[in-house]
């Protein structure tokens, strides 16, 4: 097995529905410019609180992709 | 822009449905006595396990609100 | 009240739906061989990214159970 | 089971005897103004050193209580 | 020496000048409603970036005060 | 010296007296089913607060034992 | 509100004056190639010590910017 | 893909040669009683110092294996 | 001395030999597209365990390089 | 008030009685060669387990003292 | 290049002006008895609050110096 | 068993070969001025990157030795 190398980038996704949707938004955006996405690690969960009581779910992940 | 100051309080919400519901319960309770809620940070996710196999989702967050 | 002692084990559950489902899978598997499950603590959230864009939600928890 | 919400406050207790006494002082003071104390988490142990060689045991805990 | 008890609150101050000014704003606001402020611990330094290139220095501190 | 290998398990002990007694309870229970206990590391100190003002001291330790 | 996504990069700025100047240098350099800078988080403060007694203030920050 | 569940155990390996040898000793010992070993995470590197100047390399890892 | 600015990227290298070889693979790959590499910081050591008992040593590092 | 400077050293004390006694042993030993001891911070609690079931309480503290 | 070895000591500096001045006081004091100071790492920022509203800025750093 | 006390110092060793060699350099240097070295704990692994592609392996350890 040849030596493999991955790069990780940090992305914060936001959603008005759930943390899973926030992560999906982050992954989808990352996949637009990167190939070989392999895994991600959750680094932080936060939330924005609007004056109307709505919550914006915010998830920061490190996304790893293989470097050819 | 005038100097702004926020205070943070630590709240643990519980729900039998999901972590998002647990956080919403915590935020809703905090909003009963505080105005100007701005954001929150997730500090811990835990869970209670009942003898019937049910899970109580428990989320501890720091909620920040603006001090006038 | 007599002195109580709990043991904790570390389990990683996976799901294609959500982190809650991943945790439920981990708890269900732990309950097959252990009695007296009491609580769990989330230690890490990660995710696997398939070539088809699907996400595998991966949750690592410490599950505590009472030792008789 | 209805959704439950707890609030946590941070308190530092001091004692010339032991860390347990320092925590008891912190809990006792918190119980003077709060009802429904449920649990606490130790965050830090420190100590003050007097010129006479005496030690002041200092314990910082997060005390959780139920919000009705 | 009688047993002493301190309470800590978490405050985020903001300033357009420096982190020291952000902390001073947080301390000054805390001192409006609390007596016996004793010390603080820096928990986080962040910053807001305006479209005009200006920086808002944001400091989160835990402020401790003596409970009588 | 031959290569040695140790395994660690996580145990939470409880006591109504002190953290040392809570740890002793955890060690004693672990020693019932394991041989070769070598050392432990304290991971967390918490406490339960009863309605009568009593404190249950809770200590979580990782106990290491030699694998033959 | 549409789902928003931010990317974070890690930058270390240096200055012979202060940590604020070191951060400003890091932000200014980041802004040369990136648009939509939104916030930053301080990750580490270090310093270089020259043989002449001078200090180089070194600040490492994570800078977040919006991805269109 | 069916839901997968892994269990992690904590093992400390020792070697007089290197950290890699210490980890190999820990993995080899774990594989004697467990099937389906999948990955490990290094938690701590320490070392013992003998009176003769020799070093015992000590590595603590969490080893994960699939539960059928 | 003019103000200097460095950027850090996160890279995971893998090797079947040792952690040093895994890091060298990560650094070599990073040097293919970046100039001015200055230092790196180890963030995590993990390992993959093959069914044949082989170990893939995995090292995640933050690599810093000077921005002109 | 003139600028004050403190130095901290790391000391591990051991006792067969309690963590407080272990810390007192560490402080007493430090005071034999240092003047102006001011405070300490607990960094780690561990324990040694003898074959006879006895526990050696081990406390690692950072002790600060004023530099004249 | 011969193998180099550095030692680090922990120093807390105080100042009534700023964190940079507190660090400079710590470095200056360390340089009185040590040669070859090379770099420092900030470990903690705290502050003392006087009854007159004044702030004492307290910075704890690890200072590294080369051992010949 | 009499109460034992250990002191820990922080040392950074460097090597052009491996992390083990970097640690050996740090231990060897510490042993020149200290007796009773007992154990060490790895605190950080870093590396220097030369313009020629060479790596300087840098290991920071806390070395403990018994105080008589």
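Note that the chains take the letters A, B, C, D, E, F, G, H, I, J, K and L in the order they are written out, and that residue 1 is the start of every chain.
In the analysis below, a contact is a pair of C-beta atoms (placed from the backbone, for glycine too) under 8 Å apart; a residue touches a chain by one contact, two chains touch by 3 or more.
The shown structure was predicted, so the numbers you read here are calculated from the model rather than taken from an experiment.
Visitor: Along touching chains only, what is the step distance from subunit E to subunit F?
Guide: Counted as steps through touching chains, the separation is 2.
Visitor: Cα centroid separation between subunit C and subunit H, in whole Å?
Guide: Inter-chain centre distance comes to 22 Å.
Visitor: Hey, how far is the Cα centre of subunit E from the one of subunit J, in Å?
Guide: The mean C-alpha positions of subunit E and subunit J differ by 30 Å.
Visitor: What whole-Å value do you get for the distance between subunit H and subunit I if each is reduced to the mean of its CA atoms?
Guide: The mean C-alpha positions of subunit H and subunit I differ by 22 Å.
Visitor: Identify all positions of subunit G at which a residue touches two or more other chains, and write them in rising order.
Guide: Subunit G, residues with two or more chain partners: 9-10, 18-19.
Visitor: So, with touch as defined above, which chain pairs make the list?
Guide: A-B, A-C, A-G, A-I, B-C, B-D, B-E, C-F, C-H, D-E, D-F, D-J, E-G, E-K, F-H, F-J, G-I, G-K, H-I, H-L, I-L, J-K, J-L, K-L
Visitor: Flag every residue of subunit J that touches subunit F in the complex, lowest number first.
Guide: Touching subunit F: residues 18-19, 44-49, 53, 55, 57 of subunit J.
Visitor: State the interface residues of subunit C toward subunit B in the complex, per the touch definition above.
Guide: Per the touch definition, subunit C meets subunit B at residues 18-20, 23-24, 27-28, 31, 37-42, 61, 63.
Visitor: What does subunit D use to touch subunit B in their complex?
Guide: 1, 3-10, 62, 64, 67
Visitor: Under the stated contact criterion, what part of subunit L meets subunit K in this complex?
Guide: Listed in rising order, the residues of subunit L that touch subunit K are 9-16, 21-22, 25-26, 29, 56, 60.
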